[in-house]
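Common to both upcoming complexes is subunit A, partnered first by subunit B, then by subunit C.
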Partner chain A sequence: MRGSEDVPTIDGAKVRKVVVACDAGMGSSVLVASQLAAALARYSVSVRHASVTEIPADADVVLCQEALVVRTSRVVPDKPVLGFRLFLGDPLFARLEQAIRNGVPLAG
Partner chain B sequence: MLADNGVLTADTVRLGLAARDKADAIDQCGAVLVGVGAVDQPYVAAMHQREHTVSTFVGQGTAIPHGSAVARQHVRRTAVAVLQFPGGVDWGGDPVSICVAIAADGDEHGHLLSTLATMLLDERRITELRHARDAATVMRLFLPKAAPGPNVRPDTRRSVSRSRVPPWTGSRSVGTAG
Partner chain C sequence: MTAPPDAADRTARPLVDRVRIDRIRAAAQGFGGNLAAMVLPNIGAFIAWGLLTALFTPTGWLPNPTLAALAKPTITYLLPVLVGASGGRLVHGQRGAVVGAVATIGLAVGTDVPVFFGAMLVGPLAAWLLREIDRALGARVRPGFRMLVDNYSCGVLGGMLAVAGMLVVGPAVEAVTLWLGNGVQLLVDRQVLPLAAALIEPAKVLFLNNAVNHGVLGPIGAAQAAEHGKAIEFLMETNPGPGLGVLLACLLFGPRSMRPTAPGAIVIHFLGGIHEIYFPYVLARPRLVLAAIAGGAAGIVMSVITDAGTVATPSPGSILAVLAVTPKGGYLGVLTAVAVAAVTSFAVGSALLGLGRADRETADAGRRAADAGE
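Now for the complex of A and B:
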């Protein structure tokens, strides 16, 4: 269990690569990644999808379904891991874009 | 009809189905993938398991059943199946009428899911998918830029210079339920 002071954080303005992770990396993550890629392209942020066990080392922020956050955080303890509940229109997606645009810290 | 390098084919589009419940719908999705030789039978059990872990409901009456990471070993080739249940299936509280079933051992299906992502935000196209009565309509919705005929190159979707007006922007009416 991490203490709150150990939660990985990144300045939204420094995010260059977002990875959407799911168990198999063949369905849910692909769908979310393609939506986010369109929204974040204007900020020169790339979006990739991956299975939880194959998250690229250069990912700045990792997104996954809420149920997978704990597992994903164990795999990439040094990266902010943010959970979403809805595939469409989850508030996290807007928050992520806003943080990237305005340079707000992202922690998770 | 074969298009899109065989990932989504008319063979894997099944319309006007009925399912007793979610498990039955997933069984039917799995049976299509097994039937076209995309997966071996154990993959179907993994689809149920994956669904139990986290629902694959993605909104707009749509679910994307697929297996888990360990079930990749049962995937023979990447394939996508579209199953339509006009009467709806109770998907853990949400009604589902479209299942986009996935078996993937690579990224060849990525553009189909990208198209689905845009369809989910486009009431007109998702309604047309729900009410589609032939496989050609479904293929056109998922592969909007593919030219008709057998000589479709898989990368034509990336072509900007050759982009055409999408067929659904015409004056045809869609979603004429009832």
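Now for the complex of A and C:
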């Protein structure tokens, strides 16, 4: 487990590429990524989907269901990994958009 | 901010336990994810084989002996080789895929059953051996000889592994595959197969759904389907009935916070086949896993009674995909299995949510009293 000091963090204003990860990288991640892509397009932030094991190296922030956060953090220990609970309308999606708009740090 | 719905369940467990559970779960997801990652990229080929079987075999829609000849080599050779190649690719890229495929063909030729478990073992193993050889030779080979060495190390290792697979590993894998198939048949005969739902449904909501379906049930089912034309194993995890029942129960009786998203989730789950969408509802009210287990078990009972099965893995687990791989004459059994699973999990889920309301109100009252005391 990581200590609270070395949690990867990024300034929301610097986020250019968000990756949504799921086990297969084909189903639920596509669902979430398409919702987020529409919301984040106006900040010129791209949103991609991927399987947990094939997260692109240039991802700034990784999102996944909270049950997959521990596994995902092991795969990309250097990137902020944010867990959401619901695939539809999770509060994290609004928080992410806000952080990107207002330049709030994202850590996870 | 309101407390997350499962706050009470979480604080009930000691923290250390939580960390250990997280770690075990991540390890299981990682291992299972690797199994699924060898099968999932090849699902299109599995579907092609399922459709060829459903159409052209003697009991199919368009019986045609010439075209039916495609079915057996596809399941015996092509599909295991694809799985072995994907397994090799996970370990060592394209070279791993090639040597994994060559090693797998040895297994496939050495047996009479589809060697999926063997391919999942031999593909990555062959790629790992090649990676070790590449590392050992790496610095010593001069650039001009690189291509020669690379091609021949891969070819020689692949050839040797194919021979070993055909003579040694193949027969062992055949024994294990037959043993697993017989094991499932034994469970069917003893009428305890529905108990499998008690393992499958909790594993699903921990996001081990692909691991269970593509890593375990699919390979067993493929061996069964090659022999009998259809397999109940393909339906056990992919039946969208239990999840539909859970979501309907949440829609009508769930906490207020769940209800607005439930209709969309129902469409995405039942028609889109993305089962993941209902897992958070179960994780937020863990007792709902009992509803999923009851639904899953009821679906398996119905499948056994009606001898229901599909010709390939419905992937994703959408009702449309399920019907697409249902064999001719099998619709009644499959639809009954889905409907009974949905009704059962809905009934149990509704009871659990309704019964839960009383406890929850008491707990909330207790918490409020405690807060007031602070």
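Going forward, the second predicted complex is superposed on the first by the 108 of 108 C-alpha atoms of A that agree within 3 Å, B and C clash if a C-alpha of one lies under 4 Å from a C-alpha of the other, contacts with A are read in each partner's own complex, and residues count from 1 in each chain.
Note that contacts are C-beta pairs under 8 Å (C-beta built on N, C-alpha and C of every residue); 3 or more make two chains touch, one makes a residue touch a chain.
Fair warning: this is a prediction, and the values are worked out from it, not measured in the lab.
Touch criterion met: A:Ala67 reaches subunit B and subunit C at once. Applying the stated contact rule after C-alpha superposition, one finds that A:Leu86 touches each of subunit B and subunit C. Look at A:Ala24: by the touch rule set out above, it reaches both subunit B and subunit C.
When both complexes are overlaid on chain A, the residue A:Gln35 reaches subunit B alone and has no touch with subunit C. Of the two partner chains, neither subunit B nor subunit C is touched by A:Ala50. Comparing which residues of subunit A touch subunit B with which touch subunit C, the overlap comprises 23-24, 26-28, 31, 51-53, 65, 67-68, 86-89. Of all residues in subunit A, those touching subunit C in their complex are 1, 22-24, 26-28, 31, 51-53, 65, 67-68, 70-71, 74, 85-89. Remark: subunit A residues 23-28, 30-32, 34-35, 51-53, 65, 67-68, 86-89 touch subunit B in the complex. Subunit B makes touch with subunit A in their complex at residues 50, 53-54, 56-60, 64, 66-69, 71-72, 102-104, 107, 109-110, 113-114, 116-117, 120-121. Those residues of subunit C whose C-beta lies close enough to touch subunit A in the complex are 4, 19, 22-23, 25-26, 29-30, 33-34, 36-37, 40, 90, 206-207, 209-211, 260-261, 264-265, 268, 272-274, 276-277, 279-280, 283-284, 316.
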